[in-house]
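Note that the chains take the letters A, B, C and D in the order they are written out, and that residue 1 is the start of every chain.
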């Protein structure tokens, strides 16, 4: 029994030694099921496919939930093999509230809830939750870490430039509201409505459903769009300098020698 | 009395030592009121909310102005505690014309003015001024400084690339006017009208309300959009090199000493 | 005969010494024919030109194929002059399956296939293949290599950020589908339909054919567009640091010697 | 007479010593007239202004041409003071064909030509040329040089990435033409028409006048837009590394000392 638990644990954690082959096969299977789930969730909203393959979607959903549930229970059972969680009760509890276990839980919980839920609105929202199964894949993307590190290092600057954007957005939209409201009272009906214009102008999306028509409004709109370019430049600049620092830190040799006395510094 | 002034001063300036707790609470309160003001100003333009919560908006506006006014007067009274402004008259005058005090004044002045103004157009513009209360928050964003420093360092290059944009905009729009005016006299009715197209094309906003339809116009429009990419690249390049310089300057120690022999390296 | 083969080989490969002049003329001719082919393929879809210059298009197509075929055969014949492919049979076979020879083959093969194909749909697709003749020009762009090197060095990060985009796209579009479907069932008819919105919002294209209209949808749409700016920042940051590394590696001398005392620094 | 020529020359060239005050005033006047010219050219296309201020526009045009003509003649007369152009005939000829003198000539020549031209189409095109008077200002923007230097250093890479864009544009538009033409024969009527879509998609302008509607077309359109992000990243990366190199070259101290023998390297 303990041997089985050890085996399971080594299968769940890819990097583990002996059972690498089995582990790889299992994890590839898991990634495939998660990806198929994402595809199924996306496609089952297409009326035509939903009609034609209704049975397949239902069966696959059932199979996925059963598979994920068994896997979830086994993971909790086997997690005590990890030193971090080795207490039979508190260790398992700590594992259950860890990010990756919570994501695993969120992937199956909505299904069970819908069995009992009678309110259709709640069922719909719970179905939406299923798309977060995709997050389970984040477990495998070790390479996400470099990007994560850089983004983390520059978190403060990035939050700040986002705040700057929101700040500018409020100012720009308020001014535009006062300029365009008298001429287009149906489109620029309020500052929040003007903010929808503001966000599409500053991010240069420009759907065309709302835009200034007065000369002054167009002048302000043009300035806003040009300022929007700065919005692209700021986070880019921040991230680029983050990447550069990251690479420099990694590349700079740890050991350096003083040219005078020859000892390491 | 002098003691009270000192206490007030130490509350107004967050970084001050002993009364840090009170100061923090006061400043958080101020940030909350400013944020609520911004939200109120934005939401009161939504007809539905304005109808339903009219009384709340009016009351909150009154409360804010009273609060800001008392704070403003107290700040002027207490500012002499700062060495920079320590003369009882000239110091206070110098404080009043400082940027942050002017922003504080602009946050309350429109209200008092509207009490006497009879012209509705002026009242509307004064109301618009209230949104600048948001600027009061800039007092707290110490982190804005890195971005400010970089932008300041590269001011000349940034102004230049903005000038380059305006330059290109005039040329491109003039040419497009001559190409598209004969075919779309209502849309490309004049060079200023063509400049509205130009700005949406170069910033890649592209609302779709105005765009070339002749083959030559489309060719020029395509070239303009591709040139527009350069518009994004230039300020980004400038800001990135600014960030890099900033980080390098901050990181490179001015003098470094070998810890073994004590000599400079 | 062998002499002719050698001559041909030296003409085909630009960098070769003695026959540089002839080689240059031949390669310029080839680039011209390829460019004219691209122009012909593009223009022959314009009904007016196709009607007026039908004969010219047909003749030029025939001439191009004959020219490319003869060139292709001669290249295979002469390739054994290259040490890499010097075996008369296996060398030639290896040359035939090399990337550049395959591109050359793809440039002529569709024509011969259309002679026998009776299904019009297949003929249309084969005609589309002709545009890939343009790829033949890649043979000449030695300068492509720096960009290629940088992109290659950062392949993993670039694939990753593309995956991140797809990831975000699925999440964002699913949420938007649940928010906007009840109000715009014809536009946000399914998650794949919402993904078309998602991609135009995140890349800031914003055609305007599909966009949120509910307040919650607009809020999410705004957040998506702002997140989209990060999409621009990430690959730019990655590529910039790639370019920087590339230039640093090229510029930093591996060993430096003091010209006075001869010691390494 | 020679003295006058010397005085004039020192006025025309801002950096010259003694007459700096007069020179500054003259050059500011010139910049003002050029800017007013640009504004006049832009505004005279607005029917309303053209009707109301017709006389002012005509008078100002006449005044500008006379002013520019006199200045042009005097510059040619005085240019021999410059060592580069000091021969009385060949020096002046060499000055006339210099870039800045040619721009000065282009600023006045159209006016004289329109006096004799009878064909209205030519007159219209010549009027368009007047906007290039704005280029005269480039004489004053010494700061343009840093940007110019960087762009020049990276010319090859920038041209290459532009070529890459055109390359991708042709491929993408051809494929899209074959996909969308059967469904939207009026919009994707030919490959050149599809290229208009292609350029607005790749540059993320997205006017919305033409876009794919088939599922396959939308998939390709989405991929194109995401590839378009790379288009922004490449030149940005190139320019950023250019700026970095430029700054590094400028900052790296010219003199360095070998740590072993103490001599300069």
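By our rule, a residue touches a chain if its C-beta (ideal position, glycine included) is under 8 Å from a C-beta of that chain, and two chains touch if they have at least 3 such contacts.
This is a predicted model, so every value here is computed, not measured.
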Angular offset of chain B relative to chain D [C-alpha, multiple of 5 degrees]: 90
Farthest chain (mean CA position) relative to chain B: C
Interface composition of copies chain A and chain B: same or different, split at half: different
Averaged-CA centre spacing for the pair chain B and chain A, given as whole angstrom: 30
Separation of chain B from chain C, taking each centre as the mean of its C-alpha atoms, in whole Å: 43
Residue list for chain C, restricted to those that touch at least two other chains: 192, 195, 200, 204-208, 232, 236, 238, 240, 244
Sites on chain D touched by chain A in the complex: 204, 206-208, 236, 240, 259-260
Contacting residues of chain A [partner chain C, same complex]: 38, 41-43, 45-47, 124-125, 127-128, 131-132, 134, 137, 141, 143-144, 146-147, 150, 162, 165, 192, 195-196, 199-200, 203-209, 231-232, 235-236, 238-240, 242-244, 247
Complex interface listing, chain C residues touching chain A: 156-157, 160-161, 163-164, 167, 170-171, 173-175, 177-178, 181, 189-193, 195, 200-201, 204-208, 211, 215, 218, 221-222, 225-226, 228-230, 232-234, 236-238, 240-241, 244-245
